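Listed next: structures, encoded as structure tokens.
Two complexes, one shared chain (subunit A), two partners (subunit B, subunit C).
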Partner chain A sequence: MQMDALINLAVSLLTTVSILVIISIGLAVVFGMMGVINLAHGEFLMLGAFFTLSGYRAGLNIWLAMIVAALGVGLVGLLVERLLIQFLYGRLAATMLATWGLSLILVQVVVLIYGPSTQGLRTPLGTMRVGDYSMSQYNLLLIAVAVALLGLVFVVFTRTKYGTKARAATQLPHMAAAVGVNAKMTNMLTFAFGATLAGAAGALLAPVAGVLPGMGQAYVGRAFMTVVVGGPGVLTGTASSAALLGTVDSVVSNAFTSFLGTAALLLVAIVLLRFLPTGISGRSGRQL
Partner chain B sequence: MSNTGTRDRVKDWVRTAGRVPREALYLAVIATVVLAVTGALPEFRAYEWTLWAIFGLLAASFAFVWGHAGIFSFGQAAFFGIGAYAYGAAGINLSPATGETLTALLLGTLVAGIAAAMLGYFIFFGSVGDVYVAIITLAVTLVLLTVMSSTADPKYHVGDALLGGYNGMAGIPPLMLRAGTALDTRQMFAFSVILAAAVALLLNILRRRPFGRILAGLRENETRTQLLGYDVRRYKLGAFTAAGLVAGLAGSLYSAWGMFVNPSVFTLQQAALVAIWVLVGGRNSLLGAFVGVALVQGLSTALGGSGDTWTPIILGSVLILVVLLLPDGVVPSGLRAVSNVAPWVASHRLPRTVRSRLLQRESTELRDVLAARSGQFKPKRLEGQGLVKHFGGVKALNGVDLRVDAGSVRALIGPNGAGKSTCFNLLVGRYAPTEGHVRLDDDDVTRLRPDQRAAMGIGIKMQVPSYYGALSVFENLWLASFAALGKVEDSNRQALRVLRWLGMDDRASLDASALSHGEHQWLEIGMVVAGAPSVMLLDEPTAGMTREETHKTVDMIRDMSQFTTVVVVEHDMEFLRQLDAPVTMFHQGLVFAEGSIEELRKDERVLDTYLGRRPSIDAAG
Partner chain C sequence: MTINKGPSTPRSPRQVQMGLAASMLLLTAACGGGGGAQAGDDGDGPIKVGSILDETGPLNIYGTAMADATKLAIKDINESGGVLGRELELVSYDAQSDNAKYTQYANQAAQRDQVAVLMGGVTSASREAVRPVAERTETLYFYNEQYEGGVCDKNTFNTGVVPSQQLAALIPYAVENFGPKLYVVAADYNYGQISAEWVKRYAEEAGGEVVDTEFIPLESSEFGSVINGLQTSKPDAVISLLVGGNHIAFYRQFASAGLGESMEIASPTFGLGNEQGVLSNEAEGITVAFPYFQELESDANAEFLEMWHAEYGDDYPYVTDSAVAVWNGWHLWAEAANAADSLEREVVIDELESGVTYDGPGGTVTMDGPSHHLVQNIAIGEGNGENGFEVLSTEESVPPSFEQEVCDLVSEPDTNQQFTP
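So, the complex of A and B:
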């Protein structure tokens, strides 16, 4: 194989893996740190895309629009935690049902505001040529951002006061409370942080995916499988399982069609769980 | 159905098999009524109510798998959709040749059942946690949505049936029972309602059968169920598959009813509807599933035209409000409000009919309890050889040899962290040892799961209370008996014998969660005894007991020790003195000393590390 073809393949694979990391890191934070399953994660992502769209149309620079959108979704997450999630801690099925209801509502509200059709956003940055192939610079950016997001999560949870408290509250909630960690506050912040990451995912995908109210459903299944296969380790789990599942998806999609790639991802995930029921990072326990 | 009084509950449980079940009567009544009213029904009503019956069946499958078996699965909508597509494909391909679609109905059901069984195998035999079950079924549903929506190209087909992508599969034949004649709207209504009722009643019978009772136990306490000797993975898989079959049948009927199916059956909104129906009707009631469908669908029909825009918002709000305000379901909460106005005094004794029929014949002798496991029961030797267990860097056990001969009693003592509980858990099979072997007589059981060890005759009472809180005392003992005996009648009698031996027959119908602390411990000892084990392992059976209660417990264990091998972990020195059995003392992950309690009391090292000594006069002076 030619060098340029090889590079092209590698970039396409890394892009798939990076997108998996981007769409699942927020979910992984909320699930790994709080044990909460947020079924509205896909809709948080969708909101991030629409906020970006609105910001851009209102005249903001595209990058600024993305940052504002992510923070906006974080605010939504904060409200959701205060109004809904906080009453449901420890009730797994109830949390799922309630966030499920929330996702139905959010989709429809966005339909009412923006209409049901797909909206486009021009892909920023140009393309560059590598040998006979042209590749989108934005994809390269996505790869860099995925790494940066993992780094951000690492820094937030290991280098900040909040992060230490959040990890303490995860490992031993009673002990953390006994030494003065305000669990209410940490939970609120963690959920909002997860929502911000979901919003960022939506913002980043807006230029390359169709922005439409139902777009959350298209991603949330893959995001969940990535988190499940990854297990409780937010960083190690997400990174390793995104690498594995992304490779499967990318290879099968290139060889056949993209929906077979999605199906293969699911199949591999299910078979893997038969042998690693707590996920790739399950053995090492709950840590980053 | 589930809200009958406490008296009826036990009567129901002891009801003998082989009689014509009362469900047959219900079905006859329903069939008669349906056949009588069908002719008078306007055609559009018949058409609408057929759909309600089909949805009711789908809801019942979810109520069964979630409400009864405790498995929260998003998969019911997926299996419904698989059934619908399978009926369509089979009907389009087969009906031109055969002229009927009953085969297609059967195939649709089967395909969904097989899909459920395969998915269930990977989920349950991997022993993934409850959270993951929900997520995996959700992901499967979403992926099916993506995949089925991407099949617009004519190259995606099953025989003559085009999958049709987002537009769906068209030209599906209606239900034809006999060659060439399709059911008309009213016939379809009668057929669907009676079939749905029959299947739902069948599920209800299943809930009463041992299979269903074990599922109830699983829902209440999975660990306990496994320790009793049930292979929980098989039962979960069974429940999941049964629910998948029922959902597939509903899907097949749906596809025959509408003669069309598209990927919207795999959407989250469809899956949410199933949950809403069940939440409204009450998650543990099969009848409630149908009531929930009628209420929700009736309401959304009544809301009429604006439905499409506002439906998701209303559905979402209902989900959130029900979860926040009425977690037990709308209908059950309403019923409870009514019954709270007119309470009745429940008796916790066994119903008189049950007492006279069964109880008086049963002896209270432990010998008879243990002999119930015919042929198999004999005390066995339990041995740990060179047991080592490390948790990461923590060395909990450093090479323990422990041999308890058949028919003897052994007490394990030691300070906190000495390795007693770790050793106990290795013997039970909750942990695998890092090194070493566990033997039961001459069998090496080191690699066996707890339920497999239980089946070989190891009975376990854990340190942490572990019973079925929402089931009655009798039901707790019954599940323990059935695990060992495998026959309904034998288990009824065994449970009653143990109840008598415990001296708790006036507690039979009480929820186990309502017992006092000491009674909980006895109930758990009873559950161990009911299995007629060859070795009994009891972890702190007298923790938190009063002096009198401890005394009674010692009597029980003495009684047990006459017939079987007993290993007890205890802290209570008073208990140990009363028991007067050989003692093994652990210290720092090793066996520190062995002997009678009197011998240990004279051992200087034991006094220093564990028992302590009176302040000596010399030192005081």
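So, the complex of A and C:
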């Protein structure tokens, strides 16, 4: 294989892995740190895309629009936690039903505000040529951002006071409460942080996907797959599972068809969960 | 089977139970409010007519304009005297891009509302959900959307353009103008699968070849491997048989990878969902073929657009070919019912089969009796980068030749199948 073809394939593979990281990191934070299964994750992502669209149309620079959109979704997450999730901690089925209902409401609210049709943003940045191949520079940006988001999660949970408290509250809730960690506060912040990451995912995908009220559905399945295969470790789990599933998907898609790529991804996930039911990071016992 | 769901989410037995409970709840809610059957075809009151389209969900990029066309067509027919001197009363359902809802609503429209005619369906999958219900309940059915052709059913009339009109014009044009090597990217369901076969056939007839075919699920919006495949096989043109809001991502990823410099795109579906409006200048140069373009210059079209914009505002997005197929469907049925002076299904079918014609916005359309498809004009157009198309050429009164060849419902009324190449 030629050098240029190899580089092209490598970028394509890394892009697939990065997109998996981007769409699942927010879900992983909420699931890994709080044990909450947020079925509205896809809709948070969709909100991020629509907020970006609004910001951009209101005249914001596209990058600024993305950041504002992510923070906006974080705010929505904060409200959702206060108004809904906080009453349901520890009740897995109730949280799932509530967030599922929330996802339906969010889709319809967006339909009412933005209308039902597909919208879009032009992909920023240009094209890069490598030998015979050309690739979108935006894909390279996605790869860099995926790494940056993992770094951000690492820094937030290991280098900030909130992060230490959040991890303490996850690992030994009673002891954390005994030494004065306000679980209510940390939970609220963790959920909002997860929502911000979901919003960032939507913002980042807005220029490469169709922005439509139902777009969350296109990503949420794979995000859940990545998080479940990854297990409770927010960073180790998400990174390793995205790398594994993304590689399988990308290699099989390129060698055969994208249909078989998706099938292979699901197959690997099923086989893996058969032998590692708690996910890749399940045995390590570490929380990040 | 819903089509807008992603790959399955993990389920615990508990979650499955919850899901079951939830869906039962939803089902009962949907079934409530039934009863009160009323015959639609007697008395002097309004005539109930039914429509089922996807007004929400990823397929609404087609369904929205089709639903607007439905309302306007009913209004237009009512304003010009109605049918049999009576007003039409539209009962419309939003199937939410969910095939299961088509079956449910088709049953409701036929049995509860007792509609005189049922129109609707966006994807071919949705048509195949409605067709058996319409058949069983003896409700006349119109499918008004571009599709893969070959449906031969006494109870079903099709006003959409078919491959023997559309691809028969588009593929030779692509081979001649862009080159012989074609790469097909198709939506992974009956429309894409069957149309891909058609592309192959017309490419070979025109002296070209299909170098590769890739099928993409409707819920996927990632085309990384397709973009790579295109760079490896270097075709002269991509034939896009992509469908729905998620697939718009392909054109965007194609443009951002800079592939537009080395290959062209030709598509029988591009534009039906106003994709050129979403993509704007990234749509420049994409070649399409349809019976109707908003840019067509004729008095009938000017009048139609004036009415449309008076109803829906001047800033309405592009009026699509699908919308006009719906418009034509309603007017053809109204003409046939008026000419037959009856709403009786068999009588209206006989009248439609006698070759009803209608001067639509895209030119005169004539129902071809034996095949239940339209003889209509086909124009080739090119995305102009300004949310519209430039019409390059028009061929008049193109027959649905494949359907005519395989389907004769006048001499064999019991045929009920879909012919494929």
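Heads up, the rule we're going with is that the second predicted complex is superposed on the first by the 286 of 288 C-alpha atoms of A that agree within 3 Å, B and C clash if a C-alpha of one lies under 4 Å from a C-alpha of the other, contacts with A are read in each partner's own complex, and residues count from 1 in each chain.
By definition in this document, a contact is a pair of C-beta atoms (placed from the backbone, for glycine too) under 8 Å apart; a residue touches a chain by one contact, two chains touch by 3 or more.
What you see is a predicted model, and the numbers here were worked out from it, not measured in a lab.
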Clash or fit, subunit B versus subunit C on superposed subunit A: clash
Partner chain(s) touched by A:Leu112 [first = subunit B, second = subunit C, both, neither]: first
First, second, both or neither for A:Ala93, with subunit B first and subunit C second: both
Subunit B versus subunit C as contact partner of A:Leu104, first or second or both or neither: first
Touch count on subunit A, higher of subunit B and subunit C: C
First (subunit B), second (subunit C), both or neither touched by A:Leu84: first
Touched partner set for A:Phe259, first subunit B, second subunit C, both or neither: both
Touched partner set for A:Pro173, first subunit B, second subunit C, both or neither: neither
Partner chain in contact with A:Val220 - subunit B first, subunit C second, else both or neither: both
Partner chain(s) touched by A:Phe275 [first = subunit B, second = subunit C, both, neither]: first
Selected from 95-103, 203-211, 275-283 or 563-571: the stretch of subunit B that, after superposition, runs into subunit C: 275-283
Common interface residues of subunit A - those touching subunit B in one complex and subunit C in the other: 39, 92-93, 96-97, 100, 217-218, 220-222, 224-225, 228, 257-259, 262, 266
Subunit A contact footprint on subunit C (complex, rising order): 4-10, 14-15, 18, 22, 55-58, 60-61, 64, 97, 188, 214-217, 219-229, 231-232, 245-249, 252-253, 255-259, 261, 273-274, 278-280, 282, 317
Subunit A to subunit C touching residues, read off their complex: 5, 8-9, 12, 15-16, 19, 39, 42, 92-93, 96-97, 100, 111, 116-120, 122-123, 125-127, 129, 132-136, 138, 207-210, 212-215, 217-222, 224-225, 228, 250, 253-254, 257-259, 261-262, 265-266
Subunit A partner contacts - residues on subunit B that touch it in the complex: 66, 72, 119, 121-123, 125-132, 134-136, 138-143, 145-147, 150, 267-269, 272, 275, 279, 309-310, 312-313, 315-320, 322-324, 327
Subunit B-facing residues of subunit A, complex: 35, 37, 39, 84, 87-88, 91-94, 96-98, 100-105, 107-109, 112, 217-218, 220-222, 224-225, 227-228, 257-259, 262-263, 266, 269-271, 273-278
